[in-house]
Amino acid sequence: MMALLKRDLAIATRSGGAAMLGVLFFLAVVAVIPFGIGPDLNLLSRIGPAILWIGALLASLLGLDRLFQADREDGSLDMLSMQDWFGLVLTVFVKSCAHWLATGLPLVLAAPLLGLLMNMSGLSTGAVMLTLLVGTPAISFIGAVGAAVAVALPRGGLLVSILILPLAIPILIFGVSASYAAVTDPDPFWPPFMILSAIALFFAALGPVAAAAALRGASD
Amino acid sequence: MRAIATQLSGRRGESLVFHDIGFTLARGEALVITGPNGAGKSTLLRVLAGLLAAETGSFRLKDDDGADLAVADHTHYLGHRNAMKRELRVSENLAFWQSFQAGDNGGGLTVEAAIEAVELKGVGHLPFGYLSAGQQRRIALARLLVSARPLWLLDEPTAALDKRSDQLFADLVRGHLAGGGMAIAATHQPLGLDNVQRLELDGAHRSLEAGLEAFA
Amino acid sequence: MSDTTISQGWFTSLANPTRFLALSGRILPYLAAAAVLSLAIGLYMSFAAPEDYQQGVTVRIMFIHVPAAWLAMMCYSVMAISSIGTLVWRHPLADVSAKTAAPIGAAFTFLSLLTGSLWGRPMWGTWWVWDARLTSVFVLFLMYLGLMALHRAMDDPVRAARPAAVLTLVGFINIPIIKFSVDWWNTLHQPASVIRLDGPTIHPSMLYPLLVMAIAYTLIFFTLHLMAMRNEIWRRRVQTMRRQAAQAIGRGA
C-alpha cells in the first residue's frame, strides 16, 4: 500500500501532474473576488475566511474526477479491484490520502499568502489554516465516493462536483464558523472545530467503504 | 491445484452472452477461448476474474487438499489495456505492481529479469509512454512475471504484437504451464501446447431474459 | 527545411541549437561577470544614496523593487517576441526561449510583489491593497504561473509550443495596462517618475543607483535566460535520445 501512495504521489508531481493546478486555481478564484466586490479592505478582511474556504472547497473538488478515472482508462483499476473487500477499502483510503497530499495540503500551505491579500489578521489566517488542515481531508474522503460513482461516466468532472457539493456543505459550515469564532470574541472556537474534526473522522471511515462499494458495482 | 467452473452464465447489458459454461483445469493445463466478436469472450474472462458478477454458477480455485482459495489473490488478469502509467518509468511501473500484487509465497522474477524475459533489456529507465504499442504490450506481459500467481487470465494478449513477439508470448505461457501454472486465454494465436482445452463461444446463447421481451 | 535555407544570415545560423550552444557558452562567462560586477556597484550606490526625508531608510527598497517590476514586464515582452518567432518564423529556439523565460519572469514578478508588500506596510499601513497597479502585476504573476502549468501539462514540448505562444500573445494586453495603470486610474501607488515624456522627476542622487540596478537586473536576466535555454536544449536532446533508444531496443530484439 505504501507503493500505491508513492506511485500516486509520483504521478501527481511528474510533468502533467495535477499537484500545482489545484493551488493555481485556488489563487485565481480568491484573486477574482476583489474584482467582483471592490477593493474595500475592511470588507475583504471580514469575508476573507469564507472566501478562502469556498476557494479551497472548489479547488479540491476540481481534481477529484481523475481519482479513479485515470486508473480506469489505463486498466489499472481492474487490478486494484481484484482484491478482497478490506483490501479494496484500504486501497481507496490510500488513494484518497495521496490525493489530499498532492492537492489538499498545498492549499493549506497557500492559505497564509491569500490571507495577506485578503487583509486578514494573523489570528484569523491561522484559524483558517487549522480548519483547512482538518477540513480538506474530509473533502477528499467524501469526494472519493463521488469519483467512484462517476468513474465510468463521460464528463464525470462536473457531475462529481454536483454530487459532492451538498455533502461537503457541513464541512464548509463548521470550517467557516470555527474560523470566525477564533476572531469574534464571544463565540468559542473549540465546539465548531471539534464538530469539524468529528465530520472529518466520520468521512474518513465512511468515504472509502462507500467508494469501494460503488467501484464494485461500477465494474463493467 | 485446480480451477473449476460450473454452470457459469454471464450477461452484458440485458442479454445473456453465454450460459452453462463448465470446465476443470489442472496444473499445467490451458484453456483457449475462441469465438467471433461479441460472443462474450471478454465478459467470460472478467467473470472469471471476479470483476463482473456471474448471473448463475460459480468459479472456484481449489488447492491440492480441496480447500477454496481466493480467486483474486491467485490470479493475474491481463485485459485489453496495459495497466501502466505513461508518466512513470517502465521499472517503476513494474516495481509497483510487484509490491502491490505480491503473492503469499513470494516468487516471481525481479523487475530486470522480467524486462529481459520479454526481450526489452535496457528500457527500464525509460518512461512507459515512450515505448511503441507493441513494446508496451510486452511490458504488460512482464507484469505477470514479477509476481508469481498460478492462474493467468489473458484477454487478447497478443493484440499489437508482431510475429516474433507472438512466439515470445507463446514461450512465456508454455514456461508458466511447465512450472505448474494454469492459463485461460481468449486468443486465436496457436500456443503450440499439448494439453490445451478449447472452448468455443458462438454467441448463439444470446437471449433476452424472461420479462424483458417487452423492451425488445 | 526549405524556407530556412533561403537566407544564411547570422539569425538563421542561430537557429541551429548546436551553434547556439557554442556561442552562448562563449558569451556566458562574460555576461555573468558583468552581471555580478554591476550588481555590486548598484548595491553600493544604493546604500550610498541619501535617505529620503520622509521615508527614511525604507526608501532603499525602491532600488530592489522598481527594477524587479521593470524586469517582470520586460521578461514578458521577451516571451511575447519569442512567441511571434514561434508562430511566424517557426524559429526552433523561439519556443525554448519563451518556455524558459516564464519561470524567471515569475521570479522577478514575485520579487517585485514581495518587496512592494514590505514597502507598503510602513508607507500605507497594510501589506496589500487591491489598487490598479498592484492588481495588474498580480494578474501578470498568475499568467506566468498559468503558462508554466501549460508547459508542464504537455509531455511533448513541440506540441505545447503553439498553444503557449498564442496564450502569451493574448496575455500581452496586460503589459500596457500595468504600465499606464497609475496614469489611468487614481491609485495609491505613486505615478511613474523615471520613464516619462517630460524627463525623470526623480532626483539624480537616486536616479543613478536606480539605473545601475536596472542594468544589473537586465544582465542577470539574460545570464539566467541563456543558462535556462541551454538546459532546455539539453533536456530536449536527452528526451529525443531516450525515444530513439526505445526504438533501437525494439528493432534489435
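The letters A, B and C name the chains in turn, as written, and every chain counts its residues from 1.
Going forward, contacts are C-beta pairs under 8 Å (C-beta built on N, C-alpha and C of every residue); 3 or more make two chains touch, one makes a residue touch a chain.
Small disclaimer: the values here were computed from a predicted structure and weren't measured.
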Problem set entry | Identifier of the chain whose CA centre is least distant from the whole-structure CA centre | A
Exercise. Counting only C-alpha atoms to place each centre, which chain is farthest from chain B?
Worked result: C
Exercise. If you tally contacts for every chain pair, which pair is highest?
Worked result: A-B
Exercise. With chain centres defined as C-alpha means, what is the inter-centre distance between chain B and chain C in Å?
Worked result: 54
Problem set entry | Centre-of-Cα separation between chain C and chain A, whole angstrom | 34
Seminar exercise, completed: Residues of chain A that touch at least two other chains are 15-17
Exercise. Residues of chain B that touch two or more other chains: which are they?
Worked result: 86-87
Seminar exercise, completed: Residue ranges of chain C touching at least 2 other chains are 155
Exercise. Which of the residues in chain A come into contact with chain B in the complex?
Worked result: 3-4, 6-7, 10-11, 14-17, 73-76, 78-79, 81-84, 219-220
Exercise. Within the complex, which stretch of chain C touches chain B?
Worked result: 155, 242-243, 245-247, 249-250, 253
For this session: Name, in rising order, each residue of chain C that touches chain A in their complex.
Result: 117, 126-131, 135, 138-139, 142, 145-146, 149, 152-155
For this session: Give every residue of chain B touching chain A within the complex, in rising order.
Result: 46, 49-52, 70, 72-73, 75, 77, 79-88, 92, 95-97, 99-101
Problem set entry | In the complex, chain B residues that touch chain C | 86-87, 119-123, 126-127, 129-132, 134-135, 164
